[in-house]
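Shared between the two complexes below is chain A, which pairs with chain B and chain C, respectively.
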Partner chain A sequence: MFLKLALRNIAAYKKRTIVTLLLTTITTGLLVFSTAWMDGSHQTMIKNAVEIYPGHIQITGKDFREKPSFDNLIFEAAIIQEKLSQIDGINYFASRFESFVLFSADEKAVGGMLTGIEPEQEKYLSRLASSLLKGEYLTQGDTNQVYIGHEFAKRLKIDLGDEVAFVGNGADYSFAADNLTVKGIFQTGLYGFDAGSAFIAKKYFDQIMAAENYATHFIVLPKRTEKAEELAVEISRVIGPDYQSASWNQIMADLVKAMQLDSLFGYITLGVIFIVIFFVIMIYTLLTVFARIHEIGILRAIGTTPQQILAMLLLESSLLALISVIIGGLIGGYFAYYFQLNPIVFSGYEEQFKQYGLAVSAMPTAFAPLVIFRDMLVMFVLSVLSTLYPIIKINQYRPVEAMRHV
Partner chain B sequence: MKQKLFCFFILFSLFLFSHSFAGPADDIIKKVEENLNGKTAVMTISMDVKTKRAKRTMKMDSYSIGNKKSFIKILYPGKDKGITFLKIDNTMWQYVPRIEKTIKIPASMMLQSWMGSDFTNDDLVRESSITEDYTSNFLEETESGYKVELLPNEDAAVVWGKIIMEISKEYYLPTTVHYFDEDDILIRELIYTDVQPFGERFYPTTWLMLPKEKDKEGHETIVEISNAVFDGDVSESYFTKRALKRYSD
Partner chain C sequence: MFKTTFKIAWASLVRRRTRSVLLILMIAVSLWGLLFMEGIYDGMTEQMINNAIRSDSGHLSLFGEGYRLDPDLSKWVMDIDALDTFLASDTRVKSHVMRLKQDGLVATAHYSRGVAIFGVNLDEEEKHGKMAGYLHRGEFSFGKRDRGAIIGFKLAEKLQVRIGSKIILSAQDSQGEVSAAALKVIGILKTNNMSLDENAVFMSGKRMRKLLTAKDGVSQIAVILYDELNIPELQGDLKKEFPHLDVQRWDELYPALLQSRIMMEGFNLVTNLLIFCVAALGIFGVMLVSVLERLREFGIMLAIGTRFSQVSTIIFTESFCLGFIGFCLGSLIGFVTLYYFKINGLDLSVFSDAFEEFGMDAVTYAIIRPSYFIMALAAVFLATFFSVLFPLRILKKTKPIDAINTI
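Right, the complex of A and B next:
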């Protein structure tokens, strides 16, 4: 009976129906899509930042992260290697040795990072190999051949086949220097990285830098990247307290925080919009419900209880909210899905992204049904809540009062 | 009345200011600097660098004219033999025979360690211009020495926020120097000992550098000077860029 009445009323008060439907639908769609957009872009930025170079899990000497000096290295790389190869959840891993040295092609010297890597494994751990611009990537047996960032090569005014010398300190703080030949040039798109990094095969690096069996980092790629945090804890347990194992959300805590802050501001903006819409729906419901005060008075006079009227009016707004939330969710969800498959490309904005250290121009949205459902639920509750005040208010009139209300 | 007070205050502070500017410490510091640098100096130096894990020894020859020009050549260990350094005013070059290259040390690298020791490139270049870059304040006089505080001049491009130098009255040479950063945190301590006569001049032959930063725990560098000749003739030929390679072997 209520349902019938409610449906009839929905059909009868077209203006209210349309306005409520329209507003709630659009808001739901907007919320669903904005959430997908924010989550999607943040995930992309973090994923990019992680995968270009830092890696999902980093193992270092215990104090290396706070005090990155040669006193806090990994001094038993072979043991770590052995222990890591026994852990199940690891897909690939490799050691790196990072050192800050002076590069010089002519007399002018430029400071930069010279890192010894294991080229074969490194392919899977970072985007170094796939960021090849010209020349060739490194191989395990390379000697004094260097794989250098595009912008760095430009700063040093060198190209493929050219020689560049470096001077620095070996792992024992002794003096180290050598001439390197440019074998390949890479460009990840991360300006700071491309303008100050160069790589050589670790085997050779260890010889000239007195770094045999030493490493600054071990980089680990988990079999399931979403389980990086758990795997990092497991690795910590296996390798013992002399070492530290951290997942990307610890390594890149600043970036993660920045993204969270960005989400927060996003939600605040959306919240302000929703509050406005909430009041619009409330005022509209108030107007229509009061326009029906005469009708409600009559209903009461012929014996309908206030509870029944409350139920009827609530059912009306719930039905409206449900319909619009479903439509809105579908529309928002469709867009979220579509733009996940066809990421929005900001072709003109690469430069601006780079300033924030982001090497991405295409931003896919994150289509997550559970999140969409959550947003729909939020909007449903909000929409029904906004009609609650007028409905309760009108039920407080006595029948005679209501019928005579002008 | 108020105005008078104000005038008095200004005069008084001016007086204080000027007083601190030309304190007796200036003369002491100048004397110390002259004693440390000499007109010219030729020295054989041995340097021990200790870290948590290892100890290395280096030997080198050093030639200098005043505090403006100096030339250093590494003699030991064998793998570093022939590396030369040239400093003229505030610029430093390095020649490395292994790569057959002369490199100008960029300004951004000045605070990096020199040859893996606890001395920085900056120490080699700048240590000697204290009278130009710092204002000295007399702190305290004891029976055996003075304690002087050095604060950087406003326009001086220096590393330290404050230096406290203890000076022996006997030789007018520093005994202990404490280096502080801009936040007044002690960064390192340099201790000069074993003063010995070289001709008419007395000179501290052992320098102990103790870094106080946490990440350099257990590090120290000891410099020992033997065979010093002061105020003799030093060939100008050492102080050209060509000399870097020429005197390398």
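Right, the complex of A and C next:
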């Protein structure tokens, strides 16, 4: 009975129906797409930042992350290695030894990071190998051969086959120096990284830096990357309190927070737009409901209770909201899905992305049905709420008042 | 005459009180939100730009030819005197400073990393870009006998150094040899210019000359002007006067910041448009209904000899009244809000780590530009104007007799 009446009324008051439908649909679509866009771009940025070099899980000496000095190294790399190989959820892992040294080529001396890596495993842990620009990537048995960032090589004015010397501290604080030959040049697109990093095979590195069985980091790639946090906790338990195991959201807490901040601003903007939109919906509901004040007065006069009228009007607005939320959700969801498959490319904004340390210009949206459903629900509630005030207000009139209202 | 029109218009607005109040509230709230967003977002971008200008690029920066591609001592600017005289005598120039810069390595007892070493004169820097305002900890000085250093706060974090810690700087000197100096950290800077916070060590210019065995020349001259509008002109003049120098505007040195500003402007425009389109729809609905329900009333007015132009004036007046009151209310609360945040700043320190990541200040001081209000006023009037056109057309098509006879 109510449903029939409500449907009839929806059909009868076309203007309100169209405006409400249109606005709620657009709003829902906008929200769904914006959320997908924000989540997607943030996930991409973080994924990129994680995968280029830092890795999903880092294991370090207990205080190394706070005090990255050689006093807080992993001094028993072999034991860690053995323990890690027993954990089930790990796909790949490898050790690294990072140190800052002064590089010097023919006429240039520049400070930078020299890291000993295990080339074979490192292939799976970071994008180093796949970022090869010229020459070759490292192999396990390499000696004094260096794999260097493109911008870094440019700063030092060296190219493939050239020699570069370095001076630095060994793990025992002794003086360490050697001549290296450029074997390969890489470019990840992350400017700061490409302009200050060089890599050599860890076996050889350990000899010159007196770092045998030492490491600054172990990098772990989980079998299921979304379970990185749980895995990091499990690793912590296995390797004991002398070491620290942190997942990417701890390692890159700043970036994660920055993304949250970006979302916050996004939601503020959307919020302002939504407030205006729901004001308009409220106004239109007010207009139509008051246009029907005679009808409602008569209904009341012939014995319809205020509750019944409330139910009828609410049913009308709920139906409208439901239809538009579904359409809007489908539209927004479609765009979210489409742009997930065909990422939006920002070719003009690489400079800005670079400044934030992001080596991507293509941003896919995140198509997540659950999130879309949440957004639709929010919009439904808001849409119905915004019609509440006019509906309650009209119910406060007495039947005679309503019928005589001009 | 207009008084009567206004009276009629006002009376009909008051008659539908709920509706009028809702509409005014809608306009006011949307305006308030818009003004708030514009002021805060602009404040953020301008602060970022301002930080870069004060701490590094100035409005214009001069480098030796080819220095930016290959920052080598041999490419420094040598004829400083002529440049100094030119800049000092130019009335557009507010201040200029000369800086030395060389890439090198900073080491503590436990840790070392690559840095950019700057040789500066602190008094000049303070006059130029109020650099002391960026001091995060410690003192803004190089100590007695110039043996101190001021370093970026991120660098300090990474090096694990505090005020009073000793650091060793090494860099290549003019002879191609690596030379080193031991300095004490006296101050820590937080400029929110990421490249400086992460990489910069400031030391006394004099001392740096000794370290690098570089008697003459500077690597960068940063110029700040009184009026931003004169930047391109002065750039042209400098290029003509010193053809062998590389003269760069701040936005050429920090293209990302200019992009942020353009992006923000575009973003503001789009939100403005979106909000006013929706708001116009709201006004349209109210005006349409208010004309339709008074068709009979207007019919009678027309029948007793009121001209159509007079009737339409009444309707326009109603619409403009609503728009104008909404605008005034919105502008007022918008202005008060922005003024509050202009003085006290919007403190988002909860997210300070995140702001650091973006290279922004955690406290944003809003900007209030007259253009916000002018734009909004224009938009409100356009919205009120266009939303009345369609109802008027309906009214025009209706014959007075029909209008009176309906119902």
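To be clear about the criterion, the second predicted complex is superposed on the first by the 405 of 406 C-alpha atoms of A that agree within 3 Å, B and C clash if a C-alpha of one lies under 4 Å from a C-alpha of the other, contacts with A are read in each partner's own complex, and residues count from 1 in each chain.
Throughout what follows, a contact is a pair of C-beta atoms (placed from the backbone, for glycine too) under 8 Å apart; a residue touches a chain by one contact, two chains touch by 3 or more.
Remember, it's a predicted structure, so these values are computed and weren't measured experimentally.
Engineer: Answer with clash or fit: chain B and chain C placed together on chain A by superposition.
Structural biologist: Aligned through their shared chain, the two binders clash on chain A.
Engineer: Is A:286 touching anything from chain B or chain C once the two structures are fitted on A? First, second, both or neither.
Structural biologist: Only chain C; A:286 stays clear of chain B.
Engineer: Chain B or chain C: which reaches more residues on chain A?
Structural biologist: More residues of chain A are touched by C.
Engineer: Examine A:393 and indicate which partner it touches, taking first as chain B and second as chain C; both and neither are also allowed.
Structural biologist: Only chain C is touched by A:393; chain B is not.
Engineer: In the superposed arrangement, does A:234 touch chain B (first), chain C (second), both or neither?
Structural biologist: neither
Engineer: In the overlay, answer first, second, both or neither for which of chain B and chain C A:273 touches.
Structural biologist: The answer is second: A:273 touches chain C but not chain B.
Engineer: With both complexes overlaid on chain A, does A:19 touch chain B (first), chain C (second), both or neither?
Structural biologist: A:19 contacts chain C only, not chain B.
Engineer: Touch check for A:122: first (chain B), second (chain C), both, or neither?
Structural biologist: In the superposed model, A:122 contacts neither chain B nor chain C.
Engineer: For A:111, select first, second, both or neither according to whether it touches chain B, chain C, the two together, or no partner.
Structural biologist: Both partners, chain B and chain C.
Engineer: Going by the contact rule set out at the top, does A:67 touch chain B (first), chain C (second), both, or neither?
Structural biologist: both
Engineer: Once the shared chain is lined up, is A:102 touching chain B (first), chain C (second), both, or neither of them?
Structural biologist: So A:102 meets both chain B and chain C here.
Engineer: Chain C: which of 7-15, 25-33 or 169-177 bumps into chain B?
Structural biologist: Only one listed stretch clashes with chain B, namely 169-177.
Engineer: Where on chain A do chain B and chain C both make contact?
Structural biologist: The answer is residues 67, 69-71, 100, 102, 104, 107-111, 167, 169 of chain A.
Engineer: Which bits of chain B are touching chain A when the two form their complex?
Structural biologist: Going through chain B, the ones touching chain A are 49, 51-54, 56, 77, 79-80, 83, 93-94, 96, 98-99, 101-106, 108-109, 112-113, 115-117, 214-218.
Engineer: Touching residues of chain C toward chain A in the complex: what are they?
Structural biologist: 18-19, 22-23, 25-26, 29-30, 33-34, 36-37, 41, 70, 72, 103-107, 110-115, 158, 160, 170-172, 176, 178, 194, 255-256, 259-260, 263, 271, 274-275, 278-279, 281-282, 285-286, 288-289, 293, 348, 351, 353-359
Engineer: Which chain A residues qualify as touching chain C in the complex?
Structural biologist: 15, 19, 23, 67-71, 99-102, 104, 107-113, 155, 157, 167-169, 196, 253-255, 257-261, 264-265, 268-269, 271-273, 275-277, 279-280, 282-284, 286-287, 290-291, 348-349, 351-352, 354-356, 393
Engineer: Residues of chain A touching chain B in their complex?
Structural biologist: 67, 69-72, 100, 102, 104, 107-111, 165, 167, 169-170, 172-175, 177-179
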